[in-house]
Amino acid sequence: MSELRQQLVEAIRILAGAGFIDHSGHGSVRRDAESFYINSGASVRGALTEDDIVTIDLQGELLEGAARPPLEFHIHSEIYRVRPDVRAVLHLHPQWSTLLTMTGAKYRPVYAQGTLLGDVPVLDSPLSVNTKVMGEKLASTLGDGRAVLLKSHGAVTVGAYLLEAFALAAYLEENAHRQYMAMQIGDPYVFSEVEQHACREHLWSASLFRKTWDHYRSKL
Amino acid sequence: MSELRQQLVEAIRILAGAGFIDHSGHGSVRRDAESFYINSGASVRGALTEDDIVTIDLQGELLEGAARPPLEFHIHSEIYRVRPDVRAVLHLHPQWSTLLTMTGAKYRPVYAQGTLLGDVPVLDSPLSVNTKVMGEKLASTLGDGRAVLLKSHGAVTVGAYLLEAFALAAYLEENAHRQYMAMQIGDPYVFSEVEQHACREHLWSASLFRKTWDHYRSKL
Amino acid sequence: MSELRQQLVEAIRILAGAGFIDHSGHGSVRRDAESFYINSGASVRGALTEDDIVTIDLQGELLEGAARPPLEFHIHSEIYRVRPDVRAVLHLHPQWSTLLTMTGAKYRPVYAQGTLLGDVPVLDSPLSVNTKVMGEKLASTLGDGRAVLLKSHGAVTVGAYLLEAFALAAYLEENAHRQYMAMQIGDPYVFSEVEQHACREHLWSASLFRKTWDHYRSKL
Amino acid sequence: MSELRQQLVEAIRILAGAGFIDHSGHGSVRRDAESFYINSGASVRGALTEDDIVTIDLQGELLEGAARPPLEFHIHSEIYRVRPDVRAVLHLHPQWSTLLTMTGAKYRPVYAQGTLLGDVPVLDSPLSVNTKVMGEKLASTLGDGRAVLLKSHGAVTVGAYLLEAFALAAYLEENAHRQYMAMQIGDPYVFSEVEQHACREHLWSASLFRKTWDHYRSKL
């Protein structure tokens, strides 16, 4: 269990170093059907330690640790409630993905790894997801997908394990970055259905996710 | 008193590290009704020490320290004169906020924390605020607000204490950054009055300002 | 031989540091008519060591080393097969060159060193070059050129020796960067045929390639 | 004399660190009416030492040192020949200033320090200034000014002493950066003649140039 928490600490530090989360943003890993690990609301993301990780249940009640969970813990609890396949959730404030939502531009796969996200729906509210109702709305918008964007606010990725959610977060933002940049000089080429399918067949693998993790970690 | 000065030193170093101030720019903290601490004009912002902080009165007369105050001390003195609620003033040269003023684009809340600034007026002169008359004009443009932009020049934020002015500076620039970037690919969504109100209710807190400070400090 | 491998390690680390390759991307140096050195598929590019270099033949069979070559080794093998003059191949994922291909903008020489690339054709598929057929198509698109772009994917440069391929990679991306940036505010000036010729006469030299290498290495 | 050379070394390292010069670019300081110090052509700009400085006369003949001067020494010699007031010359490859020349956009004072450059003419050739004739043409384009841009190539600033030329280089590029960025979202406000005059009266001072130098040095 300590290993999961330690990896969560590392993920959040890497995401802070990469600028995918800022002074807020949070990540969680499922402990069991009814509880999960998450960094505390007050924790300094770029200097996180295992002491900043708390364990809470799906109602946000503190099971382990002394600090308070983030006010937006509902993002995590409501997804865990309806998605038994999900064991890791990341809530990011990534600049490029968010710029797309600010102007109503839809996320499009313009880069091989970006096809791994599938369709990326948008939650149509810029407000904090700090109530159960908002959390349910977010989980419903996500559906059985891998990522959801929050208008003018941020993004959420989920995975069967932490490295999967991490790699998807990296690909989401990298794809959004390329899409945004290309939009400034023209219309970016969108991968065809056949190409998207080929990329997913070829790229979806634990070893690629691990390599992506290692790459970002090497830049810390 | 030394503690206030030490925090002021840290604030200016963090702002220099973040690129919010460059070879000039200054910050002050009120000492009492008639005097305040401020970094000297010649000080190297990114390598500031407590020896670079001087104490001056509202006429710019040196009360403590050996170095000269910045020529634009009027920004601080004229605001302190008419705003007894203000205990900290920051004068920044932030790139994104300034780009908006260069083209006449109005600051709009496009990001949750950006709503905390309220209306942000613009001083319609690109010249240095190095006379009492210019300082009065700036203070008058600020009114009872939290921030004012200086056309093609920079920005000023104020706070009831230093961390508040610091966090507002960070949010001002972050919001301007997003607004500028989104303007390149479309029209950024502007928070509705209801959303702005909800954000202010939810976000205005000393703990968020402290977290913002800690986040920026961790990147130094 | 160890010297060639060591230089290859250094090249890939520099390219990773400069952001020209990311968690994937690879470089190779020819060993002889039938084999070459290349970094393994799983290697962490920014932290590469000589142990990450393997030797393979033109069919991708491992001759030396324990790790697997990258799936896209066909880029290298098919070029070595038809281009006896080529002794080094780099496959990059450079952002600016790729943005041009995403929008169909043709690479144009807009900067002195950028003329050294000559015409830069584009492979019209965003898919991974992970089969012999795709490798042949890539080598055929390259022809007798010095560089080829891969639509929405990346770039390949070749050289008579590693430092030449490295310098060409740097110039390709630097030229693409300038071209992209200038396109945002107007139409960049394209060097005339006479100017292109003068630049090539003047600039093509091992000493310039070495200086470029030294410059990038000094930034690591 | 060693002090002048040491300061020149420091200037070039700071300029390389700031990205104003890349693998080429050079700076010089006048020794007397007929000779000057300059970094050698092969020197690695970001890791320069005093051994990389050579002394040459206005014909490019080596007077002191072992390495060869840069091929573009004519930039320096032809300016020194006709401008006895100039004691320092910097040849930069700065990205923002160069982007303006690539698209034919004229340099405009859009920022207080940017007014200190005065009119900035453009040499209408992207080719290397590697002959006496080209050097004469450059010096003639500069006239009695403080800076000249080289189309799609770079910039030259001059000063009565090195820190002046350095500060002007920084202001030139900073102004060009702001002008370029503002052009992406509108028309940047250009300082009026009265405002330009006020800025020059107020800002032109050795102490500001020193502060600018100290600021950039602190970022190395």
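Letters A, B, C and D mark the chains as written, and numbering starts fresh at 1 in each.
The criterion applied here is as follows: a contact is a pair of C-beta atoms (placed from the backbone, for glycine too) under 8 Å apart; a residue touches a chain by one contact, two chains touch by 3 or more.
Because the structure is a prediction, the values reported are computed rather than measured.
*Asks:* Let me spell it out: compute each chain's centre from its C-alpha atoms, then which one is farthest from subunit B's centre?
*Replies:* With centres defined by C-alpha atoms, farthest from subunit B sits C.
*Asks:* Please tell me whether the contact surfaces of subunit B and subunit D are same or different in residue numbering, using the over-half criterion.
*Replies:* Different; most numbers are used by only one of subunit B and subunit D.
*Asks:* Distance-wise, how many Å sit between the C-alpha centres of subunit A and subunit D, to the nearest whole number?
*Replies:* For subunit A versus subunit D, the centre distance works out to 46 Å.
*Asks:* Measuring from the mean C-alpha position of subunit A to the mean C-alpha position of subunit C, what distance in angstrom results?
*Replies:* 33
*Asks:* At least two other chains touched by the same residue of subunit B: list those residues.
*Replies:* In subunit B, the residues touching two or more other chains are 184.
*Asks:* For the protein chains shown, what form does their contact graph take: line, ring, star, complete or other?
*Replies:* Chain contacts: single closed ring, each chain with exactly two partners.
*Asks:* Which chains are in touch, pair by pair?
*Replies:* Pairs flagged as touching, ordered by label: A-B, A-C, B-D, C-D.
*Asks:* Quick one: in the complex, what on subunit A touches subunit C?
*Replies:* Residue list for subunit A touching subunit C: 110-112, 178, 181-182, 184-189, 191, 195, 198-199, 202, 207, 211-212, 214-216, 218-219.
*Asks:* Sort out for me which residues of subunit A touch subunit B in the complex.
*Replies:* The touching residues are 22-24, 42, 44-47, 95, 98-105, 126-128, 130, 151-153, 180, 183-184.
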